[in-house]
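Pasting a structure below so you can have a look.
For reference, chains read A, B, C and D in written order, and residue numbers begin at 1 within each chain.
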């Protein structure tokens, strides 16, 4: 099982936390994706930069998206590593020219 | 560094792939998040179930979201494991009662 | 009330349709946002263009996002025109320099 | 042309505003969709309610999503009303049983 998923499973167990229902957890994922959008637009898009936002914040926002994704995978019983390998398999066959230089 | 990130870095190197620009990679992430939305709504929401969609597909869609997230982290030089630990730290302090049973 | 909202309310009434629950309708909105992401990345991003996708398709995808947004507003009793005017008010005061040339 | 789109076109003209590029404006749309996710999860999901958040806020967030969608449609030359009618046509033919009671 994916190492990060084990880590979060342990955190939830130790703190007596309970996962949200799938649609509610997915809505959390979208909330965090929105915060990632904001920082990416400040760093790389047309939105004027704010002094208070730096590339350091990107680590936080990517971490929050990752956390909510791991929660969703844990609560639905999915191994992210298995899913990732399927994604890689598609990439190097069907979509081989998608990321060509 | 996060193990999945190393894996994808290797895949990209071996296949001579190039990461998208951050906003374009983020748009890919949202595309995959949309496909995850579709399957979640079939499995857990009000959208009528289709015979052709099963819980097995959820692994694929979560894997695709994870893959696009890893690509974005790799191309912007962020370690997802560090971000995840920050997220956990917030969780067990500031948001301690968010996931209470 | 927003004219498009009236239109969809009428369509639902005439066809004896029922709105999804808010989280399920929101998940539909994210699904359609993902399809919009795909076409935008083909038209304006790093994803290689497909012959089969043209700017015409953008009208379809923006329409689908608009439709799911209208459904969500209708089912939760919100007038999109009132919300839009609040958004405009913020824009020309607080965020006045956000869209400056 | 959609009435809200005319309204925003006028606001941008009167204030000498300029639309973002499509991917940057889409990223803004996702940011606002994330804020909508947050309030929906407070109102209808598993996230604990906050006193400071009421249904009134939903109007603001739906308005912000609508505003960013209108900006994207305006900057890419799409009429949302035409897109909506296509969406309705699909609904009452192909997806006729999707919203059945």
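Quick note on the criterion: contacts are C-beta pairs under 8 Å (C-beta built on N, C-alpha and C of every residue); 3 or more make two chains touch, one makes a residue touch a chain.
Fair warning: this is a prediction, and the values are worked out from it, not measured in the lab.
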item	value
Pair sharing more residue contacts (C-beta pairs) when B-D is set against C-D	C-D
Geometric centre distance via CA averages, subunit D-subunit C, whole Å	4
Separation of subunit B from subunit D, taking each centre as the mean of its C-alpha atoms, in whole Å	24
Residues within subunit C bordering two or more other chains	20-21, 23-24, 26-27, 30, 33, 37, 40-41, 45, 47
Chain-level touch network, classified as line, ring, star, complete or other	complete
Touching residues on subunit A, where the partner in the complex is subunit D	20-21, 23-25, 27-28, 30-35, 37-38, 40-41, 45-47
Subunit A partner contacts - residues on subunit C that touch it in the complex	23-24, 26-27, 30, 47-48, 97-98
For the subunit A and subunit B complex, residues of the former touching the latter	2-4, 7-8, 11-12, 15-23, 26, 29-30, 33, 36-37, 40-41, 43-45, 55, 58-67, 69-70, 72-73, 76, 78-88, 91-92, 96, 99-101
